[in-house]
Amino acid sequence: MEPVLELKGVSVSFPGVKALDEVSFSVGKGEVVGLIGENGAGKSTVLKVLNGIYRPDSGGVFIDGAPVRIASPRDAFDKGIAMVFQEQLILPSLTVAENIFLGREEEFLRYGLISKSRMNAAAAEELRKVHLDVHPGRRCADLSFADRQMVEIAKALSLDGRIKGDVTLLLDEPTSVLEKKEIDLLFNIIRDLKQRESIVFISHRLEEVLAITDRIYVMRDGKVVFETPAKDATVKALHQHMVGRQLHHEYYREARQAAPTAVPAIEAKGLALRNGFSNVSFTLYEGEIIGIAGVIGSGREDLAKCLAGHKPIDAGTLKVGGKLVSFRAAHDATAYGIGLVPSERKTEGLVASFSVAENMTLAALPKFVSNGLLRFGDEEKVARDWIARLKIKTPSVRTMVGSLSGGNQQKVVLAKWRVAGVRVVILDHPTRGIDVGAKEDVYELVRDMTAEGLAVILLGDTLEEVIGLSSRILVMRDGEIAATFDAAPGKKPTQVDLVGYMV
Amino acid sequence: MSIKSILSSRTSRRSFLQGGAGFAAAGSLGFSTPSPAIAGETTWTLANSLRSLANPYHATFAKGGADFAKSIDAKYVTLVTEGNSEKGISDIKALLQRTGGKLILNVDPNDSPDARVIVDEVKKAGGYVVTQWNKPNDLHPWDNNPNYVAHMSFDGVPASKKIAQVLFKAFGGEGGVVAIGGILSNVPAIERKQGLEMAIAESGGKVTLLDFQPADWNEQKAFDATQAWLTRFGDKIKGVFAANDDMGLGALEALRQAGLAGKVPVVGLDGIAAAVKAVEAGEFAGTVAWDPLWTGGMGLAIPYAVATGKIDIAKEPKEHREFYGTSVIVTKDTVAAFKNSPEKLDFNDLWGKATGQIQYRG
Amino acid sequence: MSRASVESIPLWTRWRSWAPVAVLLALCILIRLFSPNFLSVSNFIGLLNSASIPLVLSMGATFIILMGSIDLSVEGVVAVTAVLVSLLVENDVSSYSIGLFAVPIAILIGGAMGFANGVLHVKLKTPSFMTTLGVGFAGIGIATTVLGGFTARISDQSIRFLSLGRVLGLPVAAWIAFGAVLLSLLVQERTRLGRWLYAIGTDEMTARHAGIPIEKTRILTFTLAGLFYGLAGVLSVAQFGQGHALISQGRLFTTVTAVVVGGTSLSGGVGSVLNSVIGVFVVTILANGMILMGVAPYVQQGVQGLLIIVAVTLALDRSRLDVVK
Amino acid sequence: MMTAPRERLQDYAPLIMLVALVFAIGFYDRSFFSSSNLLTIIADTMTLFLMASGVTFVIMIGGIDLSVQSVASMSSCVLAVGLPRLGFAAVPLAVLAGGAAGSLGGIVSTKLRIPSFIATLAISGVVTSVGFWLSTERSINISAEDSAKSLNWAVGQFLGVPSEIWLGVCFLAILSALLDLTPFGRLVRGIGSQERAVMASGIDVNRTKIAAYALSGTMAGIAGVIMAARLGSGSPTLANEFLLPAIACIVVGGTAITGGVGSIWRTFVGALIVQVVRIGMTFVGVSAFAQQIVFGCILVAAVAITMDRSKIAVIK
């Protein structure tokens, strides 16, 4: 079939690095194409080219066979290239409708004034496409994360019929913030979108890619290294092409899953948070990993935040290392050796403008102070140790952390808590938006921590991850613990077992 | 005047931007333009230093200085403190530096403490200085011969007492008044409040002070205060006393809003043009004219006479070293006369308008 | 999906958005307790007189602050436009006498200075804080130079009418301010400029990606603000019957305070011109109350400071801005 | 990498600007170059610098402190009132009073979660009242002997250099060390650029913030004391019209008003730039009418030149 959108021999290079090397790929009408590869493989560069942020040094972009020059994200949008980004571009202070048509209000202008009624009507139209039943006049600040994701997609779809020519939808990690149920919904949407739009689906979750796409491109080191019809592909094969090496026999290092000790690290009795969760009780032992499964709104995010002191609990008792505690702020929790690896890595995990070393020591500054002054020597030394131990890829300890890849940033976050010497680590989507290679490293590190007797609470990125890593699993629903599973090596529950209690 | 200033602002702005642009430009500028003021030059530079040219009193003050400078065609500069003591002082230092001490300075210090520092600096550089209005009570010209030539002031206390009594008379000498003061800690503000209080005391209980509010010399604040008073006291207000004309005019406009302009008399001090007009219109009961033209000019003429050896200041009596100027009470009756006799200054009659040695009250 | 969180939030915010009004009422009751005639008609009219100019100023300032910027040029712009008006209408300094035609001219000049703010800020990439500070200084300087430090007293009754006139018993200035508020509301809610400056204030990068012309919007917003300041300049002349360089001394901080007390966030994106209306009245009534209640002069600033803190504590919707700067 | 040298040049932009200005004026009027004149200018800049140096910390955490000028005035009153009774003890007392006022602003801003702009503005009102109350609404002379006894350290000379300069340089060194070498300084930078991340790292952000405001107040207090020493009196309006120039110094030095990026030496140079421009106008003979216009234009030009935009995403 004739391609709607096409890249031909596109190369992009920056001082010192060749980001894209002769990349070619095409999307046919009504086709769902998967684009996979580790971070740094060049996926995001491809997106930036399609979004007009980078210009190709050679080669070009073709729409319906004709070469096009894309000046800006808006220009790309107008040319029918609609992107849904990993980090949301929804403005909380604007309404759903205003977000969907932001910058494109012309069609609703009457005598220079925006007709809200017409705008809302049009927005409702788009929301129907994504089966989202919220009022278009509601401010996005009041929407859940998943709902906003849907608004993003609705915004992209709003192109359909508003431009001449076809629409190509680029979904960058659309599922990383969604729960199983929502992912299924999204997939259904994608399936009936296929009738009209063409779709590029970018994800780390190979199963999903296999499930939803027709054709798959694998990128590595700025090149397209493999192309295959989805039906002939397997996770294993794809993975090999991505990392260029054999897939580890057992991905989640089950062999290293230690039997939990008898020493309780955290004892929770009847914890509750107003319209968050209620009556949550469990005991976490040193060297143990408790995984918490649940859909958004199940209260597990709130629970994690409370345990880390970000929100104070309204009821119940919490013991850490046998001592009764009440947390008012994060620093209360860290004082008792609890550290949170937040899901919003960029805003909460790291200070982007700080160097790797500065971030690593941020939670443990007093350790590097003698008579009031920082000991930069020690700081660098410790940083180097952890860079080596966690295999962090960085030019130097003084490199701005913001310039590292997602995986390496996440490792820095982990290192921060290790340097601080915490006893309990709460992992909130620790592998969100990082690539397979880095994921494996993270799992390795998690096992290292438990081996050293640290206790871990895990809000997994996927059910599979939760099952794979945890030694015990709490399933939460509507703010309560719906079920508890033992997940000793070999006797792991299946996803089906858990989902039954989740919804 | 304004044209000239605009021109000079142009050239100087250009030179600064070039300066910012870097050496070459700055250098070429340096050589292209002949340096106007050379350290250690022989002729005297005259300067008035005052708060800001944005108010009529000081604008006239500056004009007086310019007039005298023209009469002897000497170089004349106006310095403004913008209400910032440090700026005022460092500007003066800079000018002393630039003129190599050949400076005759007539300064209305931003705050009384500044006077001491300024006098010391001028002494060090060998210039001559006259101070106006503000100075510490223990700082005296005769202790700093010959450089500290004189301190001139207007006696705020009797003046404001007199004008207050004009106000009382305007509403029949019986009833309540509201008073608007300047910045609480300013010397003139304190004196003028004192004068008012004396007048009230002398009225023997006939006149009562309903309320006193500082409006920081600010027209707007005076306006709002007066409006609030009209609510609070209503027709109990028989008259409004303002410590200067700007505030008085603010109060007047508030009265006008309530249709009371001309019905409730207002008085102020300083004698700015707008206030004099208001007196003519019968909306102001009166104001006190300080004659800033004279202070601005004579504050330079006297030290110039000293610098050029016309007089030996050390031999002058104290009432020629610390003295009050003549303040004119402008009322409906005197306003015509006041306007028709435009102040022509005789710069040779140095102390003609001096009215006695300054008194220090506890 | 996650109904709980969706439904609970709006209730909270709706309650919150009324807090400034509640504070205003509380303040009125407090003052009423000490001063019976606070609620008298004459005082009400007095308050409208005092509030009309701050209202017009705050309309402009609100848009700037919603955009996440700040405008310190208020006093400078008002000074220039006021001096201009006073010279163009019948006055005792210049010979011009074009009456009400001076109004549009002054407003346009205000807009021009706002435009200068915007262009310098955007093109030189200097923070609005500094740009507007500089333009403000320049403005005062220009106003001083033009009048040579003196005051132009106006005798043009058509201009005076803007402040002294009464329509339906209310000061014309109040009606003008009311009109300015309606206009601002229209701009905020129903024009692209209005929505775009919200977008920029919330997240400039996203706005940029959506194809919003950032620079144009910023410049337009500063220009819009300038227009309001210009109008305020006219009203100042109308109120005082004269124009001079210091006519708006002290307006800057009261304006910004009013906007923030109203509940508009200095970090941008959160707030509304209606909040500022409340804010202006809180600040105006506070000053008015100080005198009505007969608070000792030298503690007034202190008391006002404390009450401002209380007011903001109660009124400001901090549920959304988790980081306070 | 390509841009590295440019950025390094950018680091020195304020310094280059200052030198350029000095030469521009110097060439116009040689007497400007005389060592005594230059020393005087630097000495006169120090009070402004000291005031601005404290505010720099507050701006670094992304806040702003509008109370410094009232705080400085208040401290001058504390000093003037205290000297006769307490002797030298009045000096630390005055400085402490400043620190207390500053931390009060910090507490209000952080604990009550009020934007610092308003919090410090409100506190400055309170502080002003205190000043008026202390001084009984007058400016209070400091007697020559009191001054000689307790304040000569602030006004005298040392090795032929005015002691204000020594003080300024000392604080430049101390505060720079505080900002660059101590955990406090690091947290200040971190909070300025990403408060939530610092918070999530288990740091008591409020404590650091309040400390920054306290520091700002303390420096204002010191500035107030030195001002009082120089002018031989304290007054509740002594430091009027100091606030905006102080903030101007910081921004002209190239510190980002949005926080996270900046340094004390930049403020030091910024203060000198502001002072040189002001004095320069007197030297070049700019008419008093035009001075504010010129000053405004140069402020904008200076920031345009000196600001380091490399670390700032959007300029608000």
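Chains: A, B, C and D, in written order; residue numbering restarts at 1 for each.
Keep this in mind: a residue touches a chain if its C-beta (ideal position, glycine included) is under 8 Å from a C-beta of that chain, and two chains touch if they have at least 3 such contacts.
Keep in mind the model is a prediction, meaning the values are calculated, not measured.
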*What's the fewest number of moves from chain A to chain B, given that each move must go to a chain touching the current one?*
2
*Chain whose mean Cα position lies farthest from chain A*: B
*When A-D is set beside C-D, which has more C-beta pairs in contact?*
C-D
*Please report how many Å separate the Cα centroid of chain A from that of chain D, as a whole number.*
44
*asked:* Quick check: how many Å separate the C-alpha centres of chain C and chain D?
replied: 29
*Find the geometric centre of each of chain B and chain D from their Cα atoms only, then give the gap between the two centres in Å, rounded to an integer.*
31
*Multi-chain contact sites of chain B, meaning residues that touch two or more partners*: 1-2, 5-6, 9, 53, 62, 184
*Mark out which residues of chain A touch at least two other chains, giving numbers and ranges.*
none
*Give the residues of chain C that touch two or more other chains, as numbers and ranges in rising order.*
140, 144-145, 148-149, 298
*Which pairs of chains touch one another in this structure?*
A-C, A-D, B-C, B-D, C-D
*chain C-facing residues of chain B, complex*: 1-2, 5-6, 9, 52-56, 58-59, 62, 181, 184, 211-214, 218-221, 223-225, 227-232, 234, 249-250, 253-254, 256-258, 272-274, 277
*Mind listing the chain D positions that touch chain A in their complex?*
1-2, 177, 181-183, 186-187, 189-190, 193-194, 196-204, 260-261, 311
*For the complex, which residues does chain D have touching chain C?*
61-63, 66, 108-110, 112-119, 121-126, 128-130, 132-133, 137, 195-196, 244, 247-248, 251-252, 256-259, 289-300, 303-304, 307, 309, 313-316
*Using the touch definition up top, name the residues of chain A that touch chain D in the complex.*
15-16, 308-310, 329-331, 333-335, 339-340, 342, 347-354, 358, 362-363, 365-366, 368-369, 372-374, 416, 420
_chain D-touching residues of chain C, taken from the complex the two chains share_ = 67-70, 72, 76, 120-121, 124-131, 133-142, 144-145, 148-149, 204-205, 253, 256-257, 260-261, 265-268, 298-306, 308-309, 312-313, 316, 318, 322-325
